[in-house]
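See the structures that follow.
Same chain, two partners: chain A is paired with chain B first, then with chain C.
Then we have the complex of A and B:
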C-alpha cells in the first residue's frame, strides 16, 4: 500500500480563474503567436510582410482616390484582390497556432487544465479569424477614413458607411472560410512547413478544377462550377450580395444560384469547424 | 561524378518511409482525374488543355512537389538534427549534396512527369505527352537545386519557396513580363513548347535563354549549397 504523505507544502488558496480565463489566455496567446509578438524577429517576418503588402495596397488605393477621384479598389474588390495574400497569411499563421503544439507535444498538458475539448480549437480558431480579418480590415479602414474625411457633409460620410459595412462583412466572410480551412488542415500536420504547404495546396489545387468545370457543362453547370474552390465560392457569395461586376460575361457569373452559394459557404464553415472539434476530441499523449 | 549510394539510399528511405510522402499523391491523381473527366465529357481540348497542363501541371504540381521533396531531402535532417551524423563522416560536402540532389530531382521528375505524360496523351498525342514529361523532368532538376539550397539558407524553406512559387512565378510572372527571365516555370513551358509544339502552350522565354539560365541556376545553387554545408552550424530549433 502506497500512501501519499502530507509533507507540509503550502497549498494554493487564492482565487481559481475558471474556464473563461483559460479561453481568454489561449486567445490572447494565439493572437500574439499569429503576429510573432514576443518572439524573435524571424517569427515576425512572414505575417508582417503579408500584412504590410496589404496595408500598402490599401494606402495607395486610398491616396489615389483622394488625389484623383479614381477608384482603384472598392470595398468589395479589395478582399477579392487580396485573397491570394490572405491564403498566404493563413498558411503562415495556422501552423504557428496548432502545428507547433503538436510538434512539441504539449496538448496533454493543455487538456489537463480546466479546459474542455472544444475550448482549445475554438480559441485557436477565434485567434486565427481575428488576425485574418484584421489584416484586411485595417487597410479597408484606412480607405474608409480617407474617403469619409475627404467627402463634404454628413451625407457623404453616411454614403461611405453604407459602402464600407458590406465590404467589411465580405472581408469577414473571407476570413471565416479561409481560417477554418487552414486551421483544419494544419491541425493534422505537426511540421509547420508541411502544414503551410498543405494549406496552400488545398486552395491552389481546387482553382483549376473550377476552370475545367466551367468549360465542361451547360450554362447551369458553369454557374455552379465556382462551388468547387473556396476562393471562387466566397467570390460567388460576393456576386450574390453585390451583383455581377461590370464587364464579367454572364456565363462566368453565378446566375440565380446566389442563395445556394451562401448556403454552401455556411455549410463549409460548419463542416470545417465540426471536423476541427472532432479532431481534438482525442489527442495522442 | 559518382553517386554515393549509401547517402542516396538513406535519403530515399527518409522520403518514402514517412507518412508525409502521401502528401505527394493527391496532386498527380487530381491532375489525371481532371484530364480523364474532361476527355470523357468530350470538351474541346483547346479549352481545358491550358488550365490543366499549365495552370495545374506546370504552375502548381511541379513546383509544389519539387518544393516538398527538394526541401525535404536535406531540410528534414537539419530539422531533427541527424544531419550531424552525416557531416561527421569522412565524406566531402559535395558528395552529400550531389547524392541528395540526384534523389530529389529523380523523385520529383518521376512524380511530375508520369501524370503529365498521361495528360499529354489525353490532350493530343504521345508526342505531346513525351514533350510534357521531358520538360517536367528538366524543370524538376532546376527546381530541386533551388529548393535544396533554400533548405540550407532558411530555417523555413517551404514558406520562402511558397512565396517564390506563388508571388514571383504566379503573380508577378503574369503581370510583370521582366520577371519571366528568372522563372523556372517559364523555362519549363519553353522546353515543352519546343519539344512538342502545339497551340496549347506558348513559351514566353527563348530556348537559348532557358537553357543557359537553367544550367546557371542549377550549377550556382548546387555550388553555393556545398559552400553553405561546408560552414554549417548545427543549431537547435529556435523561434
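Then we have the complex of A and C:
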C-alpha cells in the first residue's frame, strides 16, 4: 500500500519564471494576507466585518431604491459615507501587509531572492489598493446591478452605467490615496497595533486642521481648507467631478479650485509612493 | 534550462582584495583575497569578524567598498539577480512569519524564486521533508520549537534548488542533539544532494568535521584558507579518556610506539599511517591495565592547532 519511500534529493529542471510571475505571486500573497485567507479565524474577523458592513449598506440602499425608488445613497455619496470605514480597513490591512514582515525579519529572505527592491513595495501597494477598492466596489456593483436590471430597457441600463462609472472612479481614488498613505506609514512601524494607530492618527489629526482653517477670514482660505486632510482632499476632488452637493453652503465647498484639488491629490499619491520606494531601498536586509 | 553538473571543478567563490567599509569608518572586511572550490566550506571567525558582511557581499545585497568578487562565476555587484537565483540563503536571525504554516511559507518563497505554482508546492514539501518536517508543516510556524524553525529556515533556502547554500550560523540556539542533527543534514546536502554549502560559524570545532575546506577570518582579514584534507592528512588523533591511570596508560602507549600527548585529562594519540592497528593497540592497553575507559573518539585536532598557530603569529 502506501509506503513512503525516500526518493532522495531531486534537482529541479523545470522552468523558472520571470519578474511578472514573481510580482504576481507576491501580489496574490498580499491579497490573501489582506483578507486573512490561509490564516487563523482571528485574522479574518476585521477585514471581513468591514467588508460585510459595507456590503450590508450597499444591499440595503439597493433594496430601498428597488422597493420605493428612494435613493438613500448614490454612487457618489457611497464612497464619501464609507470613507471612515475605509480608513479603518486600510489601518488594519496595511500593517498586515508590511509591518508583519518587518517584525518577523522576513525581508532578508525576499531580498536574497531575484526580486528587486522596488518590486516588493509595489506588489504590496497593488494588493492594498485592490483590497481597499474591492470592499467598496462590490457593494456598489450590487447597487448597480439591482438598479440597472430593475429599470426597463437598455436605455435605463446605459443611464445607470453613466452614473456608476464615475462613482467607481471616485471609489478608486479613495482607495489609491488611503492605501498609499496607510502603507507608507506602516512601512516604518514593525508593531501592527502601533502602525494601525499611526495610520488612523494621520487622518484624525489632520481633520481638525480643516475645521480650524474653515474659520479662515477669506472665502478663498475656506475653499482651500479641505486640502489639509486626506479625506476632505479626496472629497474636494469629488466636488470637482460631481459638483457641490445640494444644501452645502458655498463657503464649505471648494469654489473654483477643483483642478488644484485634483493636482494635490495626484501629488500626494506620487509623494507617498516615492517615499515608500525610498524606504525599501534603504531597509536593512 | 540551467547548466550541467553542479560540482564542476570551478571556483565557487573568489574574492580579490575585497574591502567593505561601513559609513567611511567601520572596516568590516579589509583586503580579503580568497578562492574556494565546491564542497562544504566552513567560514569561521569570532562574532564581528566579518562573516555576515562577506555573505551580504556574496548575495549582492551591499556593494563592496573596494576589490572584486565572483560567486559561481558571476559578479554579484552587476549580476545580483542571476547570483540570487542560484543561491539559497539562511540568515542568522529570526526570519519566519509566525502566522503562516511552514508549507505555505516555503511554497511562497519558492514562487518568489521563480518556480511555477505546482512546482513550488511540490518542492516545498520535498524540502521540508528533507529537513525532517512532515505533518507539522501544516501547523503555524509560531508554535514551532527553535529546532523546527531552524529547519524551516534551511528548507526555504533549498526550495528553489540552488547551486550554493549560504548558511549563517545554522546551529544557533540549538541543543547539542539538534546541533548534531543540523550538521549531519548539512553534510548530507553537500555529499548526497550535491549542493555546495558555505557554513558560517564562530565555533571551529563544530564545522570542521563536516567541511572539505575552511576559511578563517578575524577582524575582517583572512587568517587562513585551506582544504581540510591538506591539513589533516595523517594528522588524525584519537582522544582517549580513562577515569584513572592516565599516566600508566600513557607510558604503555609510548612503549607500544604510539607516544601520546597529554591534554588535561585526555591522552591524544596520533593515529599515524595504520589507524586500525593503533585502535587495537590502544584498546589492548586499556584492557591489559584494566582501566575504566570513558571516551575514545577520533579528532581532527590539528585543524584547530593550525588556526591557533596562525592567530598567535
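The rule is simple: the second predicted complex is superposed on the first by the 272 of 285 C-alpha atoms of A that agree within 3 Å, B and C clash if a C-alpha of one lies under 4 Å from a C-alpha of the other, contacts with A are read in each partner's own complex, and residues count from 1 in each chain.
Going forward, a contact is a pair of C-beta atoms (placed from the backbone, for glycine too) under 8 Å apart; a residue touches a chain by one contact, two chains touch by 3 or more.
The structure presented is a predicted model; accordingly, all values stated were derived computationally and were not measured.
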First, second, both or neither for A:40, with chain B first and chain C second: both
Touched partner set for A:21, first chain B, second chain C, both or neither: second
First, second, both or neither for A:113, with chain B first and chain C second: second
Dominant contact partner of chain A by residue count, chain C or chain B: C
Chain B/chain C common contact set on chain A: 39-40, 43
Contact footprint of chain A on chain C as seen in their complex: 1-2, 56, 59, 61, 80-82, 84-85, 87, 89, 91, 93-101, 104, 108-109, 111-117, 119, 123, 126, 130, 140, 156, 160-161, 189, 192-194
Touching residues on chain A, where the partner in the complex is chain B: 39-40, 42-43, 46, 84, 88, 91-92, 191-194, 196-198, 200-201, 204-205, 207-209, 211-212, 215-217
For the chain A and chain C complex, residues of the former touching the latter: 8-18, 21-22, 25-26, 29, 38-40, 43, 100-101, 104-106, 108-116, 285
Parts of chain B lying in touch with chain A, wherever the complex brings them together: 20, 23, 26-27, 30, 34, 37-38, 41, 43-44, 47-48, 51-52, 55-56, 60, 64, 67-68, 71, 75, 79, 155-159, 162-163, 166-167, 170-171, 238-239
